[in-house]
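Every chain is named by a letter (A, B, C and D) in the order it is written, and numbering of its residues begins at 1.
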Amino acid sequence: MANMPSTPLSNTGILAEIRCAQDYEALAPRHLAAPTYAYIAGGSDNDITVTANRVAFAELAIVPRLLRDVRAGHTRLVIQGTAIGDSFALPILLAPVAHQRLAHEKAELESARAAHATGAGIILSTLSSCTLEEVARIAGRQRWFQLYFQPQPDVTLDLVQRAHRAGYGAIVITLDASIQTPSRSAQRAGFRLPPECVAANLLGYPAAAPAELAADDSRVFQGAMKHAPTWKDLASLIEKSPLPVWVKGVMHDGDARTLKQSGVAGLVVSNHGGRSLDGAPASLSVLPAIRAAVGDDYPLLLDGGIRSGSDAFKAIALGADAVLVGRLQVYALAVAGALGVAHMLKLLREELEACMAHAGCATLTDLRHATLVKVTTGIE
Amino acid sequence: MANMPSTPLSNTGILAEIRCAQDYEALAPRHLAAPTYAYIAGGSDNDITVTANRVAFAELAIVPRLLRDVRAGHTRLVIQGTAIGDSFALPILLAPVAHQRLAHEKAELESARAAHATGAGIILSTLSSCTLEEVARIAGRQRWFQLYFQPQPDVTLDLVQRAHRAGYGAIVITLDASIQTPSRSAQRAGFRLPPECVAANLLGYPAAAPAELAADDSRVFQGAMKHAPTWKDLASLIEKSPLPVWVKGVMHDGDARTLKQSGVAGLVVSNHGGRSLDGAPASLSVLPAIRAAVGDDYPLLLDGGIRSGSDAFKAIALGADAVLVGRLQVYALAVAGALGVAHMLKLLREELEACMAHAGCATLTDLRHATLVKVTTGIE
Amino acid sequence: MANMPSTPLSNTGILAEIRCAQDYEALAPRHLAAPTYAYIAGGSDNDITVTANRVAFAELAIVPRLLRDVRAGHTRLVIQGTAIGDSFALPILLAPVAHQRLAHEKAELESARAAHATGAGIILSTLSSCTLEEVARIAGRQRWFQLYFQPQPDVTLDLVQRAHRAGYGAIVITLDASIQTPSRSAQRAGFRLPPECVAANLLGYPAAAPAELAADDSRVFQGAMKHAPTWKDLASLIEKSPLPVWVKGVMHDGDARTLKQSGVAGLVVSNHGGRSLDGAPASLSVLPAIRAAVGDDYPLLLDGGIRSGSDAFKAIALGADAVLVGRLQVYALAVAGALGVAHMLKLLREELEACMAHAGCATLTDLRHATLVKVTTGIE
Amino acid sequence: MANMPSTPLSNTGILAEIRCAQDYEALAPRHLAAPTYAYIAGGSDNDITVTANRVAFAELAIVPRLLRDVRAGHTRLVIQGTAIGDSFALPILLAPVAHQRLAHEKAELESARAAHATGAGIILSTLSSCTLEEVARIAGRQRWFQLYFQPQPDVTLDLVQRAHRAGYGAIVITLDASIQTPSRSAQRAGFRLPPECVAANLLGYPAAAPAELAADDSRVFQGAMKHAPTWKDLASLIEKSPLPVWVKGVMHDGDARTLKQSGVAGLVVSNHGGRSLDGAPASLSVLPAIRAAVGDDYPLLLDGGIRSGSDAFKAIALGADAVLVGRLQVYALAVAGALGVAHMLKLLREELEACMAHAGCATLTDLRHATLVKVTTGIE
């Protein structure tokens, strides 16, 4: 019983079954082997943090505003802290998701093409199925390279230099993934990385010697964490890197403050999509304190749980400059390759625009002042 | 194990199966095609706000009071801000629901007859199936006209003048519905507006030219929002309108304050029944702040989620002068036409009266001072 | 994996299936016709307050205390505000439940016998199946008479005088039940009061004339509430009554304060077991504020939701002197008559004693200082 | 989606089906008779406190920290308040679980062997299936003896002296279990202690005379609580005991303070795993207040609900020095004897280490300063 909008927002053309970005999630199981889907959809252990990431968005409501003129509205933004390509058509970047060959034969080449076509950014994973040089040839200027510290420091540095040569605008170091265990559902489904999923960027380097553990050594402290980066390693990398260095995985305001002081160019608040410490808080829940810690102008992105334009709206209203999209990227890639990813990004943008229009925000700067409330009755 | 009241409140006569107003909701699916029911019952997208509207009422409890004399009790009230017909027998208005031919062949003529018979108000939709002139011949004096700004300003103004000539007491501009997407369930059910559902009021006007979008234009900002009204449009309308102008759709206290200052005659707190921005807060939850913003004497109505007399009680206790009834109106209309709507209104009134009696309130003025508490144990 | 207590508390003898007082609730449906059970178990309308009454208890935890000597422990108490019989063996009274013939042929005679045998109190309903004089011959000294104001003031007064002559210690006026509607489940089950269920106490009086309603009259305000008592009626009754007058049904601290000042001898916090205003708060939730309003020494009972000794413990810790038991009384009556009710009372007492022992409370005076906490993690 | 850790933490070798400590819970029903499993898994009455213990952990999230060097990390600790063996390889002790023959023929001999092999502590129950002397021959130095006060004081003292002679390092008095009722599910399953489950430590002593109750005596106060220890009994035991005396079962900060002042060597916060007062709060929820009451350096353990290394992490972050493991111990014992228990302890330690690494804690001292947050969105 409502009036119809003069310009309906229902999408026509490709994929009539898809009416919103999150529909790619529902469709993905038809395009992925069950163990692969379980692996992608799951987080670590019992998926507690995966759930927390979603609940955090659901607990917030967006307050509509009236009568504001948004006819000049847009979603463009500039993100500081990158050597090139700081202008984005929308506040969304494709998250660094490893091994995209699991979802599509052409892997990251398709994702990169979609990002380029829509004006979104892309952060290529160290563990991509295609090399960073291959991807660079297809990607737009808004491309960054995600870096895992390697056991051998010279390999780490060589990756940085390759990214620089290939025209990536920033290095994004992932710091929250030294220890990972798959989700119980992926374990039950029997997921194993197939042989064709190799880390193309690392093929030319000698394998690192496996950690040798003494009898009383801990597989964690003296094993998995043996080559985990420390503050010293970060300082050294920042010094040597020809590219701005970002950090992905910050969840504590104290860490955020120290990272900013250490010369890091920008931060990605992230709990690795619930794939690292199961039982970590929702990344959205720690965002306001981190924004307060680094100040209004410091580049800050949010990763974890984004499934819709209203999720992006909420993250930006709580202090993020832009958001990363992980699983939705892979789902769309599996369903329809580059076309799917581009379509998904277009839907996210229109969903975000609709929220902005409802909230009377013509620009992302307006959005930063939008009002969110906890879902409640207003009586305390 | 309780004593029976001397005058039982169980309803006799028509519709023995109906024992409370909300029973019309349960009965409606038998009288409506499944896609139509899905369309009416649903909100937008995932029905998050539809659910929030209901939960907000459920989270509040009414504290009974003892021994007060309510034998002179009644539910009459005067609502300021209307040119004629400011006396209502009960604090309930039929919400402006479009396309009532979906529920009954005679559409709004039946609803208007029921409102007239019971002393409730009616707000006729711009998108009614019958013309405002037809409805005016049947309706009581408590009739207002809901207005959507039209792409052509002269059409908008002509509607206002027709409403004035037809004896409507106020114009209620809906401001929260520039963008609407149907609910997922309505989409799945395949609902489409049938050809016999035309907007009768608009038949004589030339169609507006569809918005033409440039390549980089947003379907939202440069499309759907192209003709969305702005503060300037509102000021112009208020200036030209021979009738008092109300605004429906306010959800933010700042907007409420500015609207009052702009000369708006009264406000309807509403999220369009969850049919507009999915993810907006419950309208009840923002009501207290809005009442505080506009002061005690300013006309203020509440729309969204009213299903029972106790819901109406709670809205009035939190600051509303009266409430609007949307879906319940359509359900009763589908079940039994004017008789159903009148019966539903009578049940709502008696349910409200029973709550008032329990809470020791003889009048709606008393009700405004009733005590609500959050459902809790009292230990914080 | 726990040590067995030297004196096991499992009950032997009758009713081996019953291990705790609440088990009578599970067993009752075997001993009652389905519509009767639905009527007893239900509250009014949608049972919202019935549920709230239970949840309020579940949300509280009892903090154990160590090493206190409780070997002289007991549950005896004196309740002020009664003309005779102020010593109780346990802080439990049988609530005034109407029409007990629904549950057992001998009705209140059985309940009264059980109360007498266990040292509990009994509050006989105006609407009892046996006369107050019959019950008086069997009951112990801890018997009070519950009074509904009757349409004819002389009938009301005659009931008070009969209660006085029959040796009841107090009059308990019920003030929260002028309007009652049965629960949806009782309606669906088709419950009707059978012809053998007559209000024995009222048989000798002339029937009151039914309220005559004018065309515009409200069935609530001018109908059901026509004979509802007011502050004036209460003052008059207190003046004329030879017995102390209590009030049952208070839910607001302001009412409690005024009632105390008006000369009422004691109060029962109650929402009529959820059978009156559906949507009223849990009676337990308003208890602390009411205790604070009337002071530490004023007689105050709690009715609503008591199903176990730990419920009684919590009510007393929050300020009640004793508690009333309604539905559990009827269930036990249906299952095994006087024996069942006595057994249920004994189980309640032992459950309460066990909680007291755990919490280091030898007496009910100690209990009033016990610590309850909301179920939470302790991190706010 | 994610990069693989260089040293995978998936366990190889025994029990490939077991991937985390809690998996022993899922596997246990295959290795235990149904009534026995129901008895072990259940708490008392309705398992309210059993559930509360788990929920308390689930409501907390661990905040990850970045870039800290944990390569020298370990889980070693010293626990004060024991005569010998104060060094533990991990902050975990096997809880005193009675009658372990229910789970394994060799009962506590297997548990003790597992604790010894892994460097965990063991607290042997008074009601063990093997004698304390037998267990002492197998156990490591980190062995304590759990004591129930016996009706005859000389028996109590003899047990203490035997424990001293057998080289136990401390006496742990259980004070929260004077009254216990089995869970409803264990009752329904018909669990009875089988004849081969005897309390080996008590075989040589004369049976205590059963409590004789007078007619008006309470089975609780004058029965079960007749021999319950009091502050005087505790003082006397501390005076006579050649070993440090701990207390298990404290839940109130006031009790904790008094116990410390009375000369108790250390405390175990515990609600007896939900097997004592059903409706007591989660032990985790009262831990912070108790730590605050006894000061930072006083020995304090946490018992109740530990199912994973992250649970242990949270308990330590809230103030515990170490935690006790009860049901998980029995489940692992049932599944694979000493091997199972040792494996379960190793998994718990690695899970704890992984949390520590994520939170940047190299030692348990660091852990005490880790940040926990309630699961929330950060908007209040």
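Keep this in mind: contacts are C-beta pairs under 8 Å (C-beta built on N, C-alpha and C of every residue); 3 or more make two chains touch, one makes a residue touch a chain.
Please read all numbers here as calculations on a predicted model, not as lab measurements.
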{"item": "Same or different residue numbers at the chain A/chain D copy interface, by half rule", "value": "different"}
{"item": "Interchain centroid distance [CA atoms averaged], chain A/chain C, Å", "value": "59"}
{"item": "Cα-centroid distance, chain C relative to chain D, in whole angstrom", "value": "42"}
{"item": "Of all residues in chain A, the ones touching two or more other chains", "value": "373"}
{"item": "Chain-level touch network, classified as line, ring, star, complete or other", "value": "ring"}
{"item": "Complex contact set, residues of chain C against chain B", "value": "39-40, 45, 48-49, 52, 55-56, 59-60, 97-100, 102, 125-127, 148, 151, 174-181, 184, 187, 193, 208, 210-211, 218-231, 233-234, 247, 249-252, 255, 259, 271-273, 275-282, 284-289, 318, 326-327, 330, 372-374"}
{"item": "Chain C-touching residues of chain B, taken from the complex the two chains share", "value": "1-7, 9-10, 19-20, 58, 61-75, 310, 350, 353-359, 362, 371, 373, 375-380"}
